[in-house]
Amino acid sequence: MTGMDAILHGGLQGYLVVALLLFFLGLATVLLRRTLLMQFMGVELMLNAANVALLAFARFRGGDAQAMVFYLFIIAVAACEAAVGLALIIGLYRHRDTTDSDRAASLKQ
Amino acid sequence: MFITFALITLLGALGMLLQKNVVVAGLCMVAAFFGVAGLFVLLANPVAAALQIIVYTGAIMVLVLFVIMMLNSHQEEEAQASHPVQRWLSLALLAVLALGGVKLVMGSAGLKALAEKGSTMPQAMTLEKVGTALFADHLLGFEVAGLVLLAAMIGAVALTKRNL
Amino acid sequence: MNKYYWLIPILPLLGAAFNGLLGKRAGKGAVTLVGLGTVALSLVLAVSAFLAMKGMPDHRLVLNYAEWMVTGSMSVPFGLVIDPLSGTMMLVVTGIGFLIHLYSVGYMHAEKGYARFFSYLNLFVFFMLTLILGSSLPLMFVGWEGVGLCSYLLIGYYFETDFAPQAGLKAFLFNRVGDLGVSIGMLVLFASFGTLTIADILTQAGHLAPEAGFGILTFATLMLFVGATGKSAQLPLYLWLPDAMAGPTPVSALIHAATMVTSGIYMICRLAPVYTLTPTTMTVVAWVGAATALFAATIGLFQRDIKKVLAYSTISQLGYMFLGLGAAGFAAGFFHVFTHAWFKALLFLGAGSAITAMHHEQDLFKMGGLKNKTKITFITMVAGTVAIMGFPGTSGFFSKDEILYLAYLKSPALWVVGVVAACCTSFYMWRLMALAFWGEPRDHHAYEHAHESPLSMTVPLMVLAVGSLLWGFWGVPEAFGGHFAIGEWLKPALTYGQTHAAHGHHEGPAVLLAAISTTLGLVFGFLGWSKYKAGPAWELAFAEKFPTVHRVLLNKYYVDEGVELYLLRPIRWFGNLLWKLFDVIIIDGVGVNLPGALARVFGDFTALFQTGRVRNYALSMALGAAILLYVFLK
Amino acid sequence: MSLTPSQWAALLPLLLPAFGACLVVLMSLDKDQGTTKWIRGAMYGTALLAVAGSFWFLTSLWKTGSQPAFFQLHMDRLAQFTGIFVAVAAALTILQSWDHFHQEGWVKGETLSLLLFSVTGMMLFASTTHFVALFLGLELFSIPLYALVGTVRARSESAEGGMKYFMTGAVASSCFLMGGVLIYGLSGTFDLAAAAGALKAQGALLDPLVMAGAALMLLGFLFKVSAVPFHQWTPDAYEASPHPIAGFMSVATKGVAFIALLRVFPGSFAPMGPVTAKVQTVLAALAVATLVLGNLTALVQSNVKRMLAYSSISHAGYLMLGFVAGTPAAYTGVLFYLVIYLAMNMGAFGLLTAFGLVGEKTTFDDLRGLGWKRPAMGFSAAVFMLSLAGIPPLGGFYGKYMIFRELVGAGHVGLAILGVLASLVSAYYYLRFLVALFLQAPSAEAERLASDRPAVHAPLAGAAVLVSAAIVLAGGLIQYALADGFAKRAIVEGLGLIR
Amino acid sequence: MTWLNLHPLTFLVFAPTVLGFLLMALPHALGKLARLLGFLGALAIFVLSLAWLLGHNPAAGGTVLAERTPWFTLVGLPVDYALAVDGLNLWLVLLTTFLVPLTMLGTWNSLKDRMGTFAALFLLLETGMLGALVAQDLFVFYLFWEAMLIPMYFMIGVWGGDERRYAANKFFLYTLSGSLLWLVALLYLANKAGGFNPALMAQAASALPFGVQGWLFIAFAVAFAIKVPLFPLHTWLPDAHVQAPTAGSVILAGVLLKLGGYGFIRFAIPMFPQAAMHYAKPIALLSVIAIVYGALVAMVQRDIKKLVAYSSVSHMGFVMLGLASMTVIGTQGAMLQMLNHGVSTGALFLLVGMLYDRAHTRMISDFGGVAVKMPIFTTFFMIVTLSSIGLPLTNGFVGEFWILNGTFLSGFTWGRLYAVLATSGVLLGAVYMLWMFMRVFWGPENKDEDSGTHHLHSDLNAREIAVMLPIVVLIVWMGVHPRTFVGASEAPVAALLQEIKAPAPRPFILAPAVREAAAPGESAGAHASEAPVSEAPAAHEVHR
């Protein structure tokens, strides 16, 4: 399989393209959305993109268990980030009564 | 199959990006996660697929949705009236990066070689393999991951609760 | 005895130190004793040194005592050189200096700063002797600047007044302009001769042909001459001298008539062998001298302040001396220095005596009729006046005549200028005499209390009067049957073995010239006396008839005002411009503060990127990612 | 898998803070932790003890010279150096936080425990070349820090700063992760040193995905060192966090990130020539941007903590110049600089506590005249500020000296000139600190407030400041011991770079 | 005791620091005690330095005391802890140790608070100055050079006038800007030479292309020129001087400025002889401009202290001119002029300080007739003024005379013209100093209620007289027997100039051959200064 074929038919390149696009969609969410929760979801998406790439590589490395272990850790870390991130968002909401990141901009210059 | 799951994933993500309603956006993301889980199945990795659904969709996304409800921020307060520089620069940048990424993937000789070599290699990811690797090679990582979880827990509590 | 000759200048210095530091506590008697005693001792030593010098085969005594400025190729010692020129001058300074010290005892007895005055006076004698005796140009320069300093201090003696400090400052600064010339001259001479020791320079110069080193020596001598115009109040640096009359009268007599102002002439004589090499300079000197003589004489015509008249007269006479020098008559010029020292000191002291008599009234128009009250002063003043006008047989006659004769030989035009100046001199001197001593007293109150001065003041007057009348016979020229003894006497000091400098007298109508100038002088003297003997009425009439001429002359051609307007103000303006524009705005503003301000502006600008919105932060990170990827994948 | 005693000794420095953290958490379960003295004392004592134990084991390890490597850990000299570095920073932070949180009116064990977790993460982060461990270490020290920044619940800015730090940090770690995954994908191993070797063997050094992976990993490090344009979280996070935490972040995060950068790029990736060249190019460009932007923005700050934040950004610029020079001596300079920087910045932030400045904002006006009131603190402040500006004979000068020297030696004269000009600009705002302390009289308002408030009593923070000042002075006086005896050995024996 | 025998210079340099830190540790209330201790310590150091430096002097010009021991390498280049006192710095060291206690005594009551800290900073400053003067390794020199900034910064900033913060910052940043760029050059050269030994660095420099040498020299020269300060890098000086407390001004003028000139003669010129000669002309031109410019600007100042500050610019211009001449006479003149300026301008600042302490104003227009109220003060001021304007037999004359002669004789074509131009500085010096003197001291007493003169109630007291007397003695001594003060530097200077192959002095040759080439009757002025140079340079290379 080469080129477009590989992408379209589930070759390694295909997974990577999906991973990269997912990654950039996540980044786009962070850059374009202003609701903190959305941005947070964008970050989760970016982590997930890394997961897709990781596991795709693992598959093409003959089912590398090392990568699978790393995937577990990444999930754990993602959960941690979720916990702390959401806690921070809640903390901010308590003070400002908003989850609009653009309105949480009193620290500047 | 691949193209289906890939589309589910990407469209879900795109929907999340574009959807004004946060709850709906969250649901779009759940779809994307399902798509990813599908991809994992295609990658002969049912364990990962299961974990993806359990942890991501089941735990993280529920948590997020819960917070969304709690904070009562169903909708963004204003439409996407962000600064045009931010918006257009972001879009331009993302476009360039995405195109560049695709080109990169296609132009990578190493990747191509790997793809060709890897398609012939054994593929299955079993729990046994994972367990061995986890407890033989990554004992340290395992412990550290535990610490990360503990720290995150303490942190989250410290941030939201008056006392432990 | 040689070992102790360094005491000649040092003794007055010690006197100055004593009077300056302890004088106030020691009391007047001690001050007088030390002030006069040190000068007297110095005089005695000077006579001894003079005799010792005469005993030397080549009439030259060079004494080195200690090193001073020694580095690299420069070696300037502390040393003395005594030869006929400096020896004579040394005697004049110590002698007349002593007389003036003596005179001051009377004149200054009531002053508050008695000790300070004597300290300055002694210091002046020290510097003057250093100037004269110094064995090297820098040492001479020590005296040169030092007498300027003393002049400054003495002019500013009445420092609580408005005018005196300014006059002092003016004197110092005009002198400094001249000193600039001397400094440059020294630089050139050192670069030319490799030494600054006078004897070495002169010896070397003696072996050079005229115009040796082409422009260089001309430049050097001209620069030195600039110094001379400053110190000797010649055009264009004469302006300070009239103002210097703000000082006490003995100061005017000592410094601004007899000694310091002649140091310019002395210096040129000292360097005569070098000047001989530079005819261009000599011509310049002659013309500057002649011009000054005439210029100052015309100003002197209508001055009302008795000391001002004498001041301009001094400037004029100094001009004569330079005229003499320029006409290659170093001896003649110096001869006039010598005679002038006597009669001008006499005139100043006489004027001082008259001023004291009139209770410090200096306006001639307010004097009058003093000849009955102050006999000695009157008689001695007459002696001085006839001497300065060149009455046949007096000292002034011989010295002035010699100069005019030499001037004629150089250029008849110089002679004409000289004669006109001489006529003016006769006129204003007799005007002065007539206004002060003849006629009716115009200030009766002052006149009633007028009295003759004490002995300490009149004795010097008498001594000086005799000298004024008789010293001329030291230099009777050949035309009048003499052999110009002073010229012979000074010759070794003026030529330093220079052979080509020995120029014989050309034939010329010497007697005829003398007759013309003397007659004219007498006529103008009589005119001055006759028009004023009854009071200033004639002048007032003249002023009405020719208002412009009178006003211009009375206001000294408005030179002071011109200098202020066209020189000093622009300089101050320029200084302000440099400061406010260049320093504050350009260097500090543009060079120093602007970068600082720009940095702040840029800082304010960069701070704008810190918007506080996390999306923007993420964008900048994405931008950074793009940059990283670009660089890595390029 | 059982560990040998020496391996335990090497692991203990990491374990002790983690144990300490758990213990402190247990103690803080007490409801009266904020009020009961002995519990507070026990919490702080435990934390200090944990850090001190870690320090003790590390120093004894350093003394024996053994450099065990097991699991994914390389407890080599560089790791030991890092451990000591972090332990000292943590100890100073703990001392300062005692006073700071008392001044703020709340004391919580969680902050200490989070700090200790962070310490463990940092030590791990800088002592491994295995990407999995690296990533876990990164997260282990980042996540507690996110929480610590947002921990001042009384202030809305605190949560805001924490949120910003978290959001940007999460993006950066995603990128870092993606980079690592790409490297893994093409090399087949998570061990970066092995990966570099494998890639070289495959001839895949120039593969675009490898390059992209390296670039994304670099991004992760640059974010942590707050290099422009990844720096924008820094001022906000510092301003938001409690003073001691800000100090700890500015010092430890940056230091550890630089050391990990050192270990990964010039260290593990050394075989990858093209990558090294690219890193130097990009660091040169970003260092210029960092120096210019950091210094110029610091120039116009009126808030002391923000000024210090921008100053820490600009210091990242100097340190990056050391990487541009790229010689072992330059890396030694970087380590030396970090040590001094640790003392300078911990000291500078400690001053805020020592002076008892609490509340929303700390402006230069609040500092006015304080130098004379507290002479020892004032003296220390002068030491820190002048050292930050790089004025000899203080420690900060020698760090810059080594870096600039190697930079010039490597032919980057232009960069060196830019660097010194940046120092010149920085001197202005550091002087401003001293101007406020010594050259200005306190405002009437400040005098009034001071008379109302009880006298500041911050003995521990004061002690921390004095210790920091002593380190800075020592860095100036016995610089050779610190540079040749400590930093250089970490580079030469730890990283295996020989000059 | 053995340690002291081995490290006398270390003791001299660091004893002030130790004492200074002790004083700093004294409680605030003991300020007066600290002041006394500081003074006594400084005095002791002066006495020690006199005893050691003049007592140990076996041969004039040689090294008097020296220490050298390897210090550190800091992962690479070796730095030697090398200190030495030789002919070039002997008297500058003594000037420093002399001025410090003298200034302390002279400003005894000028400060009202924080006297202890001030004394301590003063002692720290002394360490910086002494260290920079005796350092024989460029790294060590740089350390001390920069270390001087800190105490001076605080002295100006804390105890200065109304604009003190601006002035202190300006002083600090101005000086730092020069020295930082210089540091880059230093590092560049050190990398080439493999160390900071000046001799090795000079060797390495000579191997570099001329263009590089030129840039390195410029970097050195700018750093030193800022300190001197040479036009147009002088604008920090007026601010710093005016705002600094008296003691700061004295030491700033007395010693700190000297280090710039000293840096040239010790390092910049010997290390880059070719470049130094190449850039001698611009430096000399700037010096001449500084001389005239400083004087003109000084003339129009209204603040006495600012006037003196600008006079420093003018006087230090002479120093630079002398150094640029590259002749023994000129360089020796510069060496002497540095000492002169230290003594005279230092004394002027002291005197202005004494006046300010009494009148609380420094504006010229606030005074008038001070001589009536303070005769002793007036006398001292007069003497120092005369020294400042270079009256013969005072110190000012000899230095300026040598510099002018050296420049005039210089082997450079521009020498003669510049020397002639520079003489105008002597005139202008008299103008601004005496004009100021007249307006302040002479004239009718200013009876205005809030005038400065009105506030003058006492003449100098015994302490102040005791401060001024040594200065007056020095002024005369240096003027009458300058050899005492430059004898030591004669041989090193001559050796240095020979070593760098400075162009031989070019006297005028009054030989017949030259005479015939002349066009008779040409205008003398322009001719003399330039013509022989341009027409027949070869003929004039004869060393007289």
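Residue numbering begins at 1 within each chain, and the chains themselves are lettered A, B, C, D and E in the order written.
Basically, a residue touches a chain if its C-beta (ideal position, glycine included) is under 8 Å from a C-beta of that chain, and two chains touch if they have at least 3 such contacts.
Keep in mind that what you see is a predicted model, and the values were worked out from it rather than measured.
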Set of chains adjacent to chain A and to chain D: B, C
Chain hops separating chain E from chain B, counting only touching neighbours: 2
Chain located farthest away, centre of chain E as origin (C-alpha): B
Pair of chains whose C-beta contact count is the highest in the structure: A-B
Chain closest to the assembly centre - both centres taken as Cα means: E
Centroid distance [mean C-alpha coordinates] between chain E and chain A, Å: 67
Approximate Å spacing (C-alpha centroids) for the pair chain C, chain E: 35
For chain B paired with chain C, centre-to-centre distance based on mean C-alpha positions, whole Å: 102
Chain centre separation in whole Å, for chain D relative to chain B (CA means): 30
Chain D: positions in contact with at least two other chains: 132, 136, 139, 143, 146-147, 150, 153, 159, 162-164, 167, 171, 175, 185, 208, 212, 235-236, 428
Contacts with two or more other chains, residues of chain E listed in rising order: 173
Where chain C touches two or more other chains, by residue: 596, 607, 610, 612-616, 618-619, 622-623, 625, 629, 633
Contact graph of the chains (line, ring, star, complete, other): other
Each pair of chains that touches, named by its two labels: A-B, A-C, A-D, B-C, B-D, C-D, C-E, D-E
Interface residues, chain B side, partner chain D - complex: 104-105, 107-111, 114, 136, 138-141, 144-145, 147-148, 150-152, 154-159, 162-164
Residue numbers on chain E that touch chain D, as the complex places them: 24, 28, 71-77, 114, 142-143, 146-147, 149-150, 153-154, 157-158, 164-165, 168-169, 172-173, 176-177, 180-181, 183-184, 187-188, 190-191
Touch list for chain E against partner chain C, complex: 170, 173-174, 232, 234-236, 238, 293, 296-297, 299-301, 327-329, 332-333, 369, 371-372, 386, 391-393, 397-398, 401-402, 404-406, 408-409, 416, 419-420, 423-424, 426-427, 430-431, 434-435, 438, 441-445, 480-483, 486, 490, 494, 505-510, 512, 514-515, 517-525, 527-529, 531-532, 544
List of chain D residues in touch with chain B within their complex: 1, 18, 21-22, 25, 28-29, 31, 33, 71-73, 108-111, 113-114, 117-118, 120-121, 124, 132-133, 136-137, 139-140, 143-144, 146-148, 150-151, 153, 159, 162, 185-186, 202, 204, 207-210, 212
Of chain D, residues touching chain A in the complex: 131-132, 135-136, 139, 143, 146-147, 150, 153, 155-164, 166-167, 170-171, 174-175, 177-178, 181-182, 184-185, 188-190, 235-236, 239-240, 306
